[in-house]
Amino acid sequence: MLFHVAMRVNLPPDLDPQIADELKRAEKQRAQELQRAGTWRHLWRVAGRYANISIFDVDSHEELHDILSSLPLFPYLDIEVTPLARHPSALPES
Amino acid sequence: MLFHVAMRVNLPPDLDPQIADELKRAEKQRAQELQRAGTWRHLWRVAGRYANISIFDVDSHEELHDILSSLPLFPYLDIEVTPLARHPSALPES
Amino acid sequence: MLFHVAMRVNLPPDLDPQIADELKRAEKQRAQELQRAGTWRHLWRVAGRYANISIFDVDSHEELHDILSSLPLFPYLDIEVTPLARHPSALPES
Amino acid sequence: MLFHVAMRVNLPPDLDPQIADELKRAEKQRAQELQRAGTWRHLWRVAGRYANISIFDVDSHEELHDILSSLPLFPYLDIEVTPLARHPSALPES
Amino acid sequence: MLFHVAMRVNLPPDLDPQIADELKRAEKQRAQELQRAGTWRHLWRVAGRYANISIFDVDSHEELHDILSSLPLFPYLDIEVTPLARHPSALPES
Amino acid sequence: MLFHVAMRVNLPPDLDPQIADELKRAEKQRAQELQRAGTWRHLWRVAGRYANISIFDVDSHEELHDILSSLPLFPYLDIEVTPLARHPSALPES
Amino acid sequence: MLFHVAMRVNLPPDLDPQIADELKRAEKQRAQELQRAGTWRHLWRVAGRYANISIFDVDSHEELHDILSSLPLFPYLDIEVTPLARHPSALPES
Amino acid sequence: MLFHVAMRVNLPPDLDPQIADELKRAEKQRAQELQRAGTWRHLWRVAGRYANISIFDVDSHEELHDILSSLPLFPYLDIEVTPLARHPSALPES
Amino acid sequence: MLFHVAMRVNLPPDLDPQIADELKRAEKQRAQELQRAGTWRHLWRVAGRYANISIFDVDSHEELHDILSSLPLFPYLDIEVTPLARHPSALPES
Amino acid sequence: MLFHVAMRVNLPPDLDPQIADELKRAEKQRAQELQRAGTWRHLWRVAGRYANISIFDVDSHEELHDILSSLPLFPYLDIEVTPLARHPSALPES
């Protein structure tokens, strides 16, 4: 089940750089785990912003929420979730 | 070069059904042409709305604009375009 | 799987009354079918507006979209869909 | 009398973790008291956000305000209240 | 039970003047009935706009919705309802 | 001359409780003075928010501004002022 | 008593040109009457828009509303009214 | 004197095609006149929208307004004007 | 050349009172200099807000920006600038 | 490939002046490097705001993002990116 998730990162500029770097390191590690698991299907950078647009493939809202709310950067994220359905004009094989 | 394109369709409810159906038929045909050409990479339906979220892969802004502005439904579309870049946490192979 | 769906009805005041009444009749019939099927779990009227807040229980985004987009009033609806998950403070039995 | 209440929690990321945990513990305890009392009828998590959508059943605006403004997390909550009425298409038994 | 109700009237400029006048006449008559009944407690004109701010005193959300949705101008009204509670700083006698 | 004034209070959660309590005490005292003087005609609590909706009766904009800007909580208030006029459908005696 | 009034004119492009011209002629005549009377103190065009920013000097909200609501273009106007007070830094003679 | 002007074109889809084409022809002709005169310094298409972003170089607000309000498409344009000044980091020769 | 400038002052409530007073003193002094110079043509207080609406008369955007950005309160100001042109209905002598 | 980039700078007023000055110095140096390289094609100050409107000419979204996200002021910037295409009414030589 696909979800479009837009995340905007609001790290305070005066956050201790070491804390910030550790958060980013942990976020990257977790994101790549989820990509390898096929859960985090797409992850794109919004050009010009500390933000991303992602596509998640999960089996329930609980799973989606657990994943997003456990992201290291979650306390600094502004998240918009949009449920996606199959489009009638999408090619069968897509 | 990837673009995130959110399209909302505002067909007037009192539009002649034949005209509406022909527009939708032509739109579907064109969308599938572009998907087969690899230009319209992803096309998802926003659940609950007459709207879609798409990913386009084009070589220039002119190409993107020509494609979108020549869509049969273009006069009825509200479109948001967001340029996407490679995310530093995206897996190399994604 | 629960979805919070807020619907605002924008029937043009100058719509033929007979057409409007038939749309409302068909909408009510369909809504009650879905309630009896356990799909449309809650349906509340927003006091003071031609709008409702509903809770749907469906198994997929496709099912949700098919239901909503096939509602007789769909062409006149402004819809917001919000995926709901189990709240950690909700009583087990709720 | 039913109210739709949307709550968004804005806990500062740099809040002392002990204070934050104590607030959450007290909030959960209070929420479950109110659910058992039948006042807090529904409590759902908005998937992907530190936010909830709830349905309250109270006898007056004063009661609603006293409940919400006395929630441990109230100073950190952004709250939208929407009065709900019975929908003409709701099944009699709902 | 008090409700703050903000109403904005969107009569199309090209509406048949006779229909418009009849709607306004019926609206005024109904408004004055409700004021005499003590339900429509306050009715103020927003200076510079075809809009009003009102205070209603009703016993239920259903009563509020029935009153507002049966106003002759209802199809042309954009309505915001805000539930009001007693303010701790309000004088006892107010 | 009547003004509709909507006030939203944004007290920082980490404000020294003693300062906060003193501000609230002084605000209540001032509000009740103005109510007794007939200037602050109505003061209602917005159910669910640290906000109020008030009706002021003053003789000039300067008087209104002096009153509002001298409220103890003024530095923490987000204020919307709407000038009110007599409504043509208001009962003569209202 | 000064009011800042921002007016945006939304004349439908397909309005009968004769009706439009007559409305504009009458609006101009009325505007100049009010300027000569000292009521319409300032009238500026917003560069690039069919909109104006004006300063009105009236003695009551009723007078302001009567003037604005009786403007020939009123049915096509989107109006924002802001009450102005004397600024503490304004020169005494201004 | 430079102005940033963002124009969004809202041509009704059901506008007579001949009228629409004539408007576009006249708009293009006028735009090119102004570009040759050095007044319309830059004209870019917003990719994906029937909108443009332009830079105008004029000597007065009256000149800017006369130019924009006399554009053939003006009745269908939503225009945002932003005055531009020389940036302290701009290269001297730019 | 006239500009409409709306300024909202966002002084943090916990700013050192001495610093705040000095900023306000310097701001008032500068504002009165500019008024005497005929540059700051009008300065009105928005009733109920720490905000003003002003009319500036300058010869270039650079002059406008230098004036506004050198105001003592500039770091705390939220500013909206709107270029004003002569209105066709304004009396010749205005 | 052209991009319209609107940047608003949100430097906290209480930022250490030395840090602020160093950031601005480095930002100016970087901006002038990019202008000389032909990448930062236009850089204008929005009159009255600590904001700029720029035109960038880059070959990819990655290049655009790397440039913007490596600007010294990036942590304090609110950025809007709009892809620009050639306008059909632009003069061939423009």
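Per-chain residue numbering starts at 1, and chain names A, B, C, D, E, F, G, H, I and J are given in the order in which the chains are listed.
Note that in this section a residue touches a chain if its C-beta (ideal position, glycine included) is under 8 Å from a C-beta of that chain, and two chains touch if they have at least 3 such contacts.
Labels paired with UniProt names: A, B, C, D, E, F, G, H, I, J = Muconolactone Delta-isomerase.
What you are looking at is a predicted structure, and each value in this text was computed from that prediction instead of being measured.
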{"item": "Listed chain pair G-I, D-E or G-H that repeats interface A-B [over half of contact pairs the same by residue number]", "value": "G-I"}
{"item": "Distance between the centres, which are taken as Cα means, of chain D and chain B, whole angstrom", "value": "39"}
{"item": "Intercentroid distance (Cα basis), chain J paired with chain D, Å", "value": "43"}
{"item": "For chain I paired with chain J, centre-to-centre distance based on mean C-alpha positions, whole Å", "value": "27"}
{"item": "In chain A, residues with contacts to at least two other chains", "value": "2-3, 45-48, 61-62, 64-65, 81-86"}
{"item": "Touching pairs among all chains present in the structure", "value": "A-B, A-C, A-D, A-J, B-C, B-H, B-J, C-D, C-E, D-E, D-F, E-F, E-G, F-G, F-I, G-H, G-I, H-I, H-J, I-J"}
{"item": "Contacting residues of chain J [partner chain A, same complex]", "value": "3, 5, 12, 61-62, 64-65, 68-69, 75-76, 79-81"}
{"item": "In the complex with chain J, residue positions of chain B that touch it", "value": "1-3, 60-62, 64-65, 81-86"}
{"item": "Contact footprint of chain F on chain E as seen in their complex", "value": "2, 4, 27-28, 31-32, 35-36, 42-48, 52-53, 55, 82-91, 94"}
{"item": "Touching residues on chain G, where the partner in the complex is chain H", "value": "11, 13, 45-50"}
